[in-house]
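By written order: A, B, C and D. Residues from 1 in each chain.
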Amino acid sequence: MNTSAVDLATTFGPVGLSTPFIAASGCFAYGEQFAAFTDLSLLGGISTKGISPLPRYGNPVPRICETASGMLNSIGLENVGLEVFLSEKLPFLREQGLSVWVNFFGTDFETYIECARGLNRGQGIDVLEMNISCPNIKKGGIEFGTVPEVAHRLTKACVEVSEIPIVVKLSPNAGDIVGMAQAVKEAGAMGVSLINTITGMAIDVHTQMPRIATTYGGLSGPAIKPIALRMVHQVARALPGFPICGMGGISNGEDALEFLLAGAHCLQVGTACFAEPGAIVRITDELRNLLHRVGFSTPSEAVGKLKTRPQEPAWSA
Amino acid sequence: MNTSAVDLATTFGPVGLSTPFIAASGCFAYGEQFAAFTDLSLLGGISTKGISPLPRYGNPVPRICETASGMLNSIGLENVGLEVFLSEKLPFLREQGLSVWVNFFGTDFETYIECARGLNRGQGIDVLEMNISCPNIKKGGIEFGTVPEVAHRLTKACVEVSEIPIVVKLSPNAGDIVGMAQAVKEAGAMGVSLINTITGMAIDVHTQMPRIATTYGGLSGPAIKPIALRMVHQVARALPGFPICGMGGISNGEDALEFLLAGAHCLQVGTACFAEPGAIVRITDELRNLLHRVGFSTPSEAVGKLKTRPQEPAWSA
Amino acid sequence: MAYEAGVSATAFTAHVERNRPLGAGYFVLEFAATCETGVADVVPGQFAMVRGDWGRDLLNPRAFSVFEAADSRHFSILGKVFGRGTKRLAAAVPGEKMTILAPLGVGFRPARAGVTQLLVAGGVGLPPLHLQAKRNAAAVGPNAVEVFYGGRTRDDLLLLEDFEAWGVKTHLATEDGSLGTRGYVTKPLVSRVREAAQRGESVELLACGPTGMLQAVRKLGLDHGVPTQLCLEEHMACGFGVCLGCAVPVYGEKPYRYCCSDGPVFDAQEVRWS
Amino acid sequence: MAYEAGVSATAFTAHVERNRPLGAGYFVLEFAATCETGVADVVPGQFAMVRGDWGRDLLNPRAFSVFEAADSRHFSILGKVFGRGTKRLAAAVPGEKMTILAPLGVGFRPARAGVTQLLVAGGVGLPPLHLQAKRNAAAVGPNAVEVFYGGRTRDDLLLLEDFEAWGVKTHLATEDGSLGTRGYVTKPLVSRVREAAQRGESVELLACGPTGMLQAVRKLGLDHGVPTQLCLEEHMACGFGVCLGCAVPVYGEKPYRYCCSDGPVFDAQEVRWS
């Protein structure tokens, strides 16, 4: 198949990407380990494990469990912290020739702002991806991700201290995803990432205990794809042109194209990388072939191109 | 295995059930077709396809599609209407010796009340299951299922005209499931059913059209089980003792016990019945064996018996 | 009207006895049921819902016309690799356990003396018409049926030797002209229907295949006033009338009937297609 | 400290060459990789992440100790049917394609002259210690290792003939007394450790098996000041240090290390178990 006519390069707001695929936050650590298994230069970008001002050591075990076509995790936002990230992890990422997205969070307004400000000291960061859905943080964390007004204030405060564009990663646990997107857009976010994991639970009936130590965890993988796709479509329709980075269960080229058609401008792949470290490279090839087959020559041509069904003939009775 | 010691009979508020299993609304029609494939008397009960005051003919096709470990549907609440239900469907149900739950809905306050009042004319109905999550109804339907204050008023209005206990079926699309449960409880609901389907979407990349005619549909099946279980647990913890009918992806005995442990008093099985009309009978046997194995002699003994994990030893550093 | 079997469907377990690849992604799966079933009384056009031990990923069973039913324990389906489910089925090995619901739905009307049934099959629409041809060639005589069979290329035209053995006349068409008429199967069909009209011969049309073909056959039947039965496909979750997923737009009192329980065979006049 | 291999893991495709059932749900799967891999250099205790073509239902690969590695293209695992994944693996047929990541993690320290390694295996904890016994019996001598092997019943004690062939001494225990000492394998182990202390013999403990057994071995090692390595199990999504799912509570600067990349073999002193 002659797919050389397809050029996968694209843009996400002001950010240029060699492909629409970003490795999803929390699923690629800081990229180093993947270098052994896959050619990092074939990715469009990497979103790092969420960074907080201070290091965090994460939640008790067990932290993960498998569910039907999905998995639950409660890692507890473990990360090396801002300073170690800047000095030990960022240089490696910067050298890979791909778009560097730093996912970050705080535990309150002050630490969010502190983290955004601190990351602006780093060289070569393209996007700050602000995670406002921290189910595993106790104090008030839930409001950042579910109350539009709070999200608005938080976003605004971080945008004010950042030269690097801020993309807000929304929580699917919000009742009104469009309201959330609108709120952060008005606060100056460059775009939104959606969706983060959906809060879920599993029980071991033999021990009668929750399967993960924190009782609840975040559901990811193919199981959530229909929900993710719907949310991307809702936001894309409500806020035309506003950059959306879509994710949730993408595991092959068709999944990827579904998200583009629904209105995502670029994509993240998370859970699929665990079982198959080369997943993104395979999916990239599959998308290239598929775009060619259905007649698009770039990913951006496909963005939001969902067709409406022909109306059924009117009912005669 | 001697499982005769396990007695599956249980109660749901004032309603006695021979087993905790109710066939889920919309997945068993009015029960007739299943009689050819399974022994209806082995079920605890049946919840009917949702009934509205007037017949409804449903949505354009395609109405269903498969997703990873789940399916989307947009049937459009097609049903025979109140009068035909009472005269042609209810008599059959009443004769099966099981608990009769009539799922119902309206398109506004008046038609909800009209339907609840009308169903009170029927003989042998144990529960009116009020569906307040009608994603496929255009006008304002969404508010019934997502705004606690509106749900409260609607429930109260229906409770006032009904001798038959009303159980409100909650929508997982609500941002605050506990707030919804609380609101309908205070309005006089006897209990809650949760969860209904989660709004989702799928796209056929070859035609670039939505896979179901209405673009969005309701996601059901094992994919949603972790989310359903979490919501049951949240409501059970917040409203101890308040009857909860749990559902969402139950397909075997372990799934059923998970829902009981999380706090559901009885259970519904929907999607699993399509691939296997005898699914509920199999699951009932599996639950009986499992209760015996883990040491419960009735389902109600297991309700809410989730154990907490032992604390991890303190961190020494 | 279409014809319904007297025997009702049951749910049963069956083992794959044989998986016979026919080339180009087509395969015949032969099943042995673990108990007595109603499949022996199948009416061509009736179908089975089939599901393997596939875990929860592929949730819904798949619908297949009953291709052949030797006795109450043995039957087969003819499929083609299309998506995830048919890929699994094509790879099924002898001994593999499947869950089956069959025979379901309403099938084709049998042939009767004096009326020639023109059986129009496109691609994977062959199985019910293959069975209809076999049954009626035996019961009424080889001239009671004629087969119009179209595909993309010659590899899509299967089991032609069977029709020959039964003495049933075939009219073949391929889009690439590699076998029979070049173009759609409706080309030879139109000539045949015109010819029948000129000769005052009674014919009826029975069709199964892609939607485009069915639309053309429907129009042909309606235009010429020829009784026409169409075997339709809709996405199905249950196959026995409870999910209401498989609606077919119809003319009449209600806007929809159900592919699984009112069909899959419908009268062309009833189907509400623009 | 535990011992890390010099060769790094790769992701590759392998086909099942043979599926050898060992009774009581145990099985050995022999794989042939489609390319050169690093498995030949495996250190006992290192593991493989294994996943079949299972659809999306079972999302995560499963971890298995490398049981044997003949050369850079051939290796095997020894498993036991436990849940959905091992059920699938137990039913794997020759030719079936699997995706593999191996060899991963940090394995056991090799034996050296003058120190007897007491290898403590419980149930499905056998594979890495079977390999350790074989390697070290050959490299250092049969007396360099002794095997303590426990199970519920005699059917759980596999491949005893191998140890005999290598000249390696075994101490067996079954909970029901059907073979060896009745009770836990720690019973003969405790006597052996006491005996060594009395004789001034240098020993170290290497253990793999159920958590209860590992806790007992850990306590024994710490109480007697005997160097002890434990091969741990944690739920894993990736197997190579990126999901952070497989945390192991440890003493030290940080509260957790990772079973897949820092282990699965840990020093007993490091493990933070109450």
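We take it that a residue touches a chain if its C-beta (ideal position, glycine included) is under 8 Å from a C-beta of that chain, and two chains touch if they have at least 3 such contacts.
Keep in mind it's a predicted model, so treat the numbers as computed, not measured.
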Look at interface B-C and say which pair in A-C, A-D or B-D is its repeat, using the rule that over half of the contact pairs are identical by residue number.
A-D
Would you mind pulling out the distance in Å between where the CA atoms of subunit C average out and where those of subunit D do?
55
Please tell me the distance, in whole Å, between the geometric centres of subunit A and subunit D computed from their C-alpha atoms.
37
Distance between subunit B and subunit D based on Cα centroids, please, to the nearest Å.
46
Counting only residues that touch at least 2 other chains, which ones in subunit D make the list?
56-58, 249, 254-255
Among all residues of subunit A, those touching at least two other chains are 57, 60-61, 68-70, 221-222, 312, 315
Considering only which chains touch which, how would you classify the arrangement: line, ring, star, complete or other?
complete
So in the complex, the part of subunit C that touches subunit D is made up of which residues?
54-58, 84, 93
Okay, in this complex, where on subunit A does subunit B touch?
57, 60-61, 67-70, 72, 146, 173-176, 198-203, 205-210, 213, 215-216, 219, 221-227, 229-230, 233, 249, 254, 257-258, 261-262, 290, 294, 305-309, 312, 315
Contacts from subunit C onto subunit A in the complex sit at residues 56-57, 249, 251-255, 272-274
Touch list for subunit B against partner subunit D, complex:
68-69, 312-313, 315-317
Under the definition above, what is the set of subunit C residues touching subunit B in their complex?
8-11, 49, 51, 56-61, 99, 101, 234-238, 240-249, 254-256, 261
